[in-house]
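Paired with subunit B in one complex and with subunit C in the other, subunit A is shared by the two complexes that follow.
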Partner chain A sequence: MNPSSIGVLLLVEDNDDDVLLIRETIQDANFAQRIFIVTDGEQAMEFLRKDGQYKEVPVPNIIILDIRMPKKDGFKVLREIKENPGLCHIPVIILTASDKEKDMMKSYEKGASSYIVKPAEHAKFCDMIRHMVFYWKSVASIPAAPDPSA
Partner chain B sequence: MAVQTQPVEILLVEDNEDDIVYFEEVLIGSKILNTVHVAHDGEDAMAFLRKEGRHRNAPTPNLIFLDIKLPKKDGFDVLREMHADSALRQIPVFMLTTSENLEDEYQSFMQGARGYLNKPAAFDRLFRALQSMKIYWSLVTIQPTPA
Partner chain C sequence: MADLVRIGILAAVYFWTAKFGLMMDAVSGFATLVWPPAGISLAALLLFGLRLWPGVALGAFLINYSAGAPALAAFGMALGNTLEALAGAYWLQQKIGFRNSMDRLRDVLGLVTMAAVVSTMISATVGVSSLWMSGVVSPASFRSTWMAWWLGDMMGDLIVAPLLLTWNPLPSGGLRRYRVVEAACLAALVVVGGLIIFRDLAMSEPKFYSLPYLVFPLVIWAAVRFGPRATASVTFVISALAIWGMAQGTGPFRSGGLSDSLIYLQSFMGIVAVTAMVLAAAVSERVKSERTMKEYAGELEVANADLAMMIDVIAHDLKEPLRSIETFSQMLQERYAKEVDDRGRDYLRRVIRASVRMRQLLTDILSLSRLKQVDLKRERINGIVIAIKAIERLDARIRESHAVVRLGSQFPDLNVDKTLGIEAVYNLILNALKFSGEGRPPEIEVAAYQGPGGAGIVVKDRGPGVPVELSGRIFKLFERGVGREIEGTGAGLAIVRQVVERHGGKAWVEPREGGGSEFIISFGD
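So, the complex of A and B:
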């Protein structure tokens, strides 16, 4: 595992402004070697299962997942990830506008590693992303992608 | 955003006396985190969490640092038992290890640990790691309030 970045990040987010902000901040911080973005829950599962157009994509080392999304919401995606033996080791960070206690509890119950509420203020949002990047890059170990030949 | 203002109760599950002293010095001495309770093996950890025997007045911890290699019951057994118990599965658990064992990392996340930390050998590195962890945990993420 390269200690300077976490490898492959999958961002699951349908809001274009949030995608732009998150991507810029994590790129500036050299968080991931590769960032893939999908905009709804169905696409996220297609990516993770390497279906259709995603046949050649790598297994991500970490996933940032929104809750409220079209087609399939973040809870369903999280449950499918954690029930899949090939995916359940991947840390999932919930990044959402919802500060509802029940959403937070449900996320941890289903196996999220962190629950982060998006602040409305731009500067604060960037700060939070930077702290998140620093923590996952420098403090916590993240499992490397499995060796496909193993 | 919920900011942690209550004292943070930490359960450190660790059998190595040097590591216990080392962690306590960093956790208490730096005032990064508040109260540290120590369990010396996996069975003692489960008794603490279930408030059994000498632990009947123990608080429910806000955070657990759990060594993997432990006498009597190892860290993964503790994690499995916690996960099977609806009253305990919400408590964030961070696995501690001195080795970079990929299988242990996988197992930790697969069994519901929130994080996996390699114990830094240097005091200042551990201090910085816990400081970053505190910021991330209390100011960036939100956590369930213990019952």
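So, the complex of A and C:
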């Protein structure tokens, strides 16, 4: 693994435009070695549980999660992640268009590591991603997965 | 078939109740002061249709003929009685759209005037004229006979008809227990009171001439607490007890013969009945309008909440594609501007500018919509704290514009939601920062306000001032007093207004002495 970047990132986002933007900015910032993208909450849980087509995928080191999504919203996904002993160590960053205080409070209550409101301006969006990358690469450390034999 | 049965029943009821009336010392043998059939026939025609008139005619003819009237006179009297019932019912239905529940003032006034006063004149005139032409009534007693006839029929319409009308159909649904107890108390008092007043119960000589006035609290109680049906019932019971007392030679209205006494009694009961029915209808109307208002208020609240939620959802849903437009056009400008000519770059700038503005507008709509929904957390706080916090939030803008901001003294304590109060003053100062005298930095004063509308804060600027015709408009959403050369969406002052109105206060603008404007907000008393 490249020590300057995080190994695997799972992006859960239904908006195609946001996927493109986030992916580009993350790639430019060399945040993660591999980026996986799923477009709704159910797919996200299938990915994380390695169900069906996701049998061979790695466990992500970090998750970027939208709130408003079809089939299963971000809050439910977050709760299921945090209730699953094999997944609860993964930091989850909420990246959403909602600037409502209650959404933010709910996210932190359910165990989100950070809550970021998507800025409208491209420059701010890039700045925000860069800050996020800096934080997770240089300040915080990504928790290791629990040892299954322990 | 059903109508034939009804006609038969009506004729029989008419006959027997009339027989009872004629026992009450009828003037000239036929004009009695107690004539329940008048009210019964009016109610029957109103309830079951005018086509039941033969029942009235038959009953009236039979009773008068059997009482000894010549056939022609009995026919004339029956004609008068029938015309009275027909005219009363027809006028009530056609002229005022009469409702049997009698819970509107117009129903009561219609019954009193069209039926009780006017239609009964037809019967009295036709009936007494028939008796006169048949030689039963002498010209000398024509007037007294006519008066007795008219008054007797009137009382039938005022006391018997409302009872039958308001109890048809029978009420459905029970009363709450405490209401049943209250109704029982009222009923007991009506009977006991009626016996005391009109049967001289508990006293050997009725020397208390003010006793009849005890009737009023009882009918007022019925009118205010139970409505037209109970009022009609109480009036009927009291009237029945009074007539029974009178027939037995008791009660405060005894004077000479029975018919003379009955004139006093029936006049009194007429006034009681009309007063009580009018009061009951007025109370019913008020209760109904209060209920309707409550319903409307509830509906309005739900509609407002739905609207606010809809605005919220729309604004959010619009923000997402807009963010894409703004971001991608910015990326286009950053990365590919060199690949298009000047005109293309101009177009791109316009797209970006429009999307930025639209985002600002949506943000403002969302702020305003949230402001309407948020719960107020009022606290007692000095105005200077609000003013300082708002100024602090604008520190960078104030430095940037080299504005001079003066803070007044002796601010009043405000009973205000601190966050919203700061938001309002923030928007006022932000607005003032945009306006300054020619070539000079903005001069702003934030001071205390105490006057009509309660305590508040005033923000003064040295801008060009607000024309009088715009002073009301600028507080509306997206209404701007200036052109696009001045930044802003026109939501700031709407937010200010929303904040103060939620507090029960006011926002307005006045010219400032020496030029400029004073934007004043009060937070209510």
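One rule holds for everything that comes next: the second predicted complex is superposed on the first by the 141 of 150 C-alpha atoms of A that agree within 3 Å, B and C clash if a C-alpha of one lies under 4 Å from a C-alpha of the other, contacts with A are read in each partner's own complex, and residues count from 1 in each chain.
Going forward, a contact is a pair of C-beta atoms (placed from the backbone, for glycine too) under 8 Å apart; a residue touches a chain by one contact, two chains touch by 3 or more.
In this text the structure is predicted, and so the values were computed from the model without any measurement.
Asks: Under the stated touch criterion, name the partner, subunit B or subunit C, that contacts more residues in subunit A.
Replies: Result: the larger residue contact count on subunit A belongs to B.
Asks: Which partner does A:105 reach: the first (subunit B), the second (subunit C), both, or neither?
Replies: The first partner, subunit B, only.
Asks: Considering only touches as defined above, state whether A:83 meets subunit B (first), subunit C (second), both or neither.
Replies: neither
Asks: So, does A:51 touch the first partner subunit B, the second partner subunit C, both, or neither?
Replies: In the superposition, A:51 contacts neither subunit B nor subunit C.
Asks: Examine A:125 and indicate which partner it touches, taking first as subunit B and second as subunit C; both and neither are also allowed.
Replies: second
Asks: Please indicate which partner A:15 is in contact with in the superposed arrangement: first for subunit B, second for subunit C, both, or neither.
Replies: second
Asks: For A:117, decide between first (touching subunit B), second (touching subunit C), both and neither.
Replies: first
Asks: Under the stated touch criterion, which partner chain does A:140 make contact with: subunit B (first), subunit C (second), both, or neither?
Replies: A:140 sits against subunit B, while subunit C stays out of touch.
Asks: Which partner does A:91 contact after superposing on A: first (subunit B), second (subunit C), both, neither?
Replies: Only subunit B; A:91 stays clear of subunit C.
Asks: Which stretch or stretches of subunit C touch subunit A in the complex?
Replies: Residues of subunit C touching subunit A: 316, 319-320, 322-324, 326-328, 330-331, 334, 356, 359.
Asks: Quick one: in the complex, what on subunit B touches subunit A?
Replies: 1-2, 89-90, 94, 100, 102, 105-106, 109-110, 112, 114-118, 129, 132-133, 135-136, 139-144
Asks: Residues of subunit A touching subunit B in their complex?
Replies: Interface residues on the subunit A side: 85, 88-91, 99, 101, 104-105, 108-109, 111, 113-117, 119, 128, 131-132, 134-135, 138-144.
Asks: Spell out the residues on subunit A that touch subunit C in their complex, using ranges where they run on.
Replies: Counting only subunit A, the residues touching subunit C are 15, 17-18, 21, 97-98, 118, 120-123, 125.
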